[in-house]
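Order as written gives the chain letters A, B, C and D; numbering starts at 1 within each chain.
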């Protein structure tokens, strides 16, 4: 499903964010990406989305090498891979409903489908009654949940989440994890960058640990593994 | 494009305008302002050029004095021959008696001086009206080749100066209008650029949820077109009422006869309507597409 | 304000311009574009008004015909009295002989008609030059009160028309310029508004770290002033070279004599420099302050 | 130092974010504000900063009633109270150094002081070598640390932190907590809204728990107290 082949990424300012990453993620897998601040987790995700280009190496998604992909096809790549961003990236001038509906309009969903699907996912993240409000009227945790709703509404084949529980209290965080586990069971590949030790330890899934741009650990049914 | 998409695009465009009210008003008014200026200048220049044309028509005649002792029949034949010269609009005969009477009338107060003349020293003549002032030279040349014609009189200097002045007004005017059209295009596209710049985050997010470039572009393009179109309409209304008022003021408060020399409000509008709408809406649309380009590169 | 603060403000302003290069360029060029238009129109209107003034000076004389049988001494006394009338610039005497000779010359080809006259029917006259065309009426009135003066001749219609035309050009011109100044102010302040709108987040954050309103305002104000000032300078350079080129073209390619009737490039610049700089920089500064207001309310 | 007297806050959309809050915080206290997503923690902080006005009730800061404060004096209130925002609020067009220095320029610090103080606080949050970079070149955790550096550089008498460890791995989070404890020992009053159970449990400080806009618990040396 996803394969990183000897990926290096050096930013313009000389920071070596990733140094020789080799990783294979299978269809339907649930993978935690952990590591200290600045380890390269977000960079890893940005490369998958073609938000940044790797300095060397190649990335295979769904049997296609996306590093030699034409710019034109980027939108279609991003429809396969949904993302929950660390900074939410909601459209300030659209209501929650519209923010989620927008992701469906982009892929050309029918109004009927949209009317059925959007309230459903807003319900899944517990925001049914806030549908008509704007992002600036929400608390941090609520914004994060809208971002999750938008990411899952199109039933993507790959879901990437960058710190999706960073602004959530433990209870709400677990609600979100249940949603993710649910869609993972439906066959979606999930890649989640996180610092939430509790969650990683309890979920018992594959854990890949990054440190200074390198993979230092890759275990099935792993734990967070950093001292606190 | 599917019907559903068209509906989506239109809906997004109107919402875009409405949600960014402040900026929409700013863009529309900048477009209106620059087109209004263009309209003002066009009024000035087109009228000047029109006046130059009218002034020319006052000097579109050449007087051909005939030799003495021509038979009335010969004179008539000559008249027909002159009328056949290419460029001649029509011909008027002035007998020596008529000429003297005219002269006396023109001299007015001092006309009595002519009463002391023993005989009429003035020749018979044809007044030859040319179709366009620029053809005078050629007509005069033809007239000189007739043996029956003694001398040809025409306002060579005035005509030359008028032709030059008209040429000057036309070329300077064209230069000014073309410059202005470019400046207007510039201001409109700048405004659209600033409007879009303020929304780069929005565009960025759209691209990250998987929107294709055209999916992002369409609503912005329609929005730019609408902003430009509304601006153009406002400018047209301003130009229309502005010119109407000035036209009325000039023709009633100043010279009534002036109305004949000014382009009518209708003529003026017929020259600006299409131009303004194309400039406003076209530049709005193009400006949107061009300004979007750098933000779509993500 | 402390020296340290001044240094901070200037530094921030320049950085602001540099870091928002794209928008700075857009603002500067919109300001430059609208002031250039204003310059173009001012060239047109000031020149038209100047030409009208020159045309008037061609008709600044009145001819007073004297009654017959005046002694040369009386004539001389009368001349002095006329010269004393307020509004009279200077007086020229034309004897009846000189008048006839002039007339003969004017008639040219047909001058021989005058040779058959038995006696000179023309009167002696004074040609009275008035200081300004608008004083003609008053001078004529005074002249009519002299018993030694038989009749006063002047180009009443032409003078009236010229006065009206000049008045028309002045009032329509003023209207156009004032309208344009407003439109220019509008475009400049709109541009500054759009520029600031794109930076509202920045302003918001400043306020949250405890910046006072003036601390936020100063750099933006200086930035607006600089953008406006640079735009004004560009407009001045464009107007200068533009007018220079047209002026040269008109005076060499068309009528050499025209140069005397056009405002020189220097005269033109002396009228625009201050105006443009005040408009560009002033509106830039004010526009910044006004546009900031709503974003400072946090 | 800070006192909330019967504070109610209802937003324009009818959400009752706070309902009758009475709370007194003493000088030098270290207080955790906990509660589920949407409980009203950020609203509590916004009221203190006059970002929002309470619907009723009064708030006393440093012996002054800030609810009857004139708008003009808001900047001076905000100089007493520094904040680490949930969404960082860094100036995108300034480098890290400038972002931190800016907070000092605002209060009229001398260039000499700025040159001494800024590198010091950047060192405290472990970002000395990134001083010349811009916010968009940083990872989420790095941005959060810049935001903390900016908040402490002026040695405020009150420091408010909204979820300051949400984007940090446990190790870095503890580094940040050490910095906060350090400035707390210097006498700064600290109010921290957080979901980080581990941290609250270990720190053993006063804990105020909000739920649906009401204070449901207020204990000295408390724990996070929500099930996971």
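Methods note: a contact is a pair of C-beta atoms (placed from the backbone, for glycine too) under 8 Å apart; a residue touches a chain by one contact, two chains touch by 3 or more.
Only a predicted model underlies this, so the values are computations on that prediction, with no experimental measurement involved.
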item: Geometric centre distance via CA averages, subunit C-subunit B, whole Å; value: 24
item: Separation of mean Cα positions, subunit D and subunit A [Å, integer]; value: 28
item: Geometric centre distance via CA averages, subunit B-subunit A, whole Å; value: 63
item: Subunit A residues counted as touching two or more neighbouring chains; value: none
item: Category of the chain touch graph - line, ring, star, complete, other; value: ring
item: All touching chain pairs, where touch follows the definition stated at the start; value: A-B, A-D, B-C, C-D
item: List of subunit D residues in touch with subunit C within their complex; value: 49, 51, 71, 74-79, 83, 85, 89-93, 102-103, 105-108, 110-111, 150
item: Contacting residues of subunit C [partner subunit D, same complex]; value: 2, 4-5, 8, 15, 19-20, 201-202, 204-213, 215, 297-298
item: Subunit D contact footprint on subunit A (complex, rising order); value: 11, 13, 15, 34-39, 41-43, 86-87, 133, 137, 139-142, 145, 162-163, 166-174, 195, 197-198, 224, 226-228
item: Contacting residues of subunit C [partner subunit B, same complex]; value: 22-23, 26-27, 29-30, 33-34, 36-37, 40-41, 44, 110, 112-114, 116-118, 121, 161, 164-165, 167-168, 172, 175-176, 179-180, 183, 186-187, 190-191, 193-195, 197-198, 242, 246, 249-250, 254-255
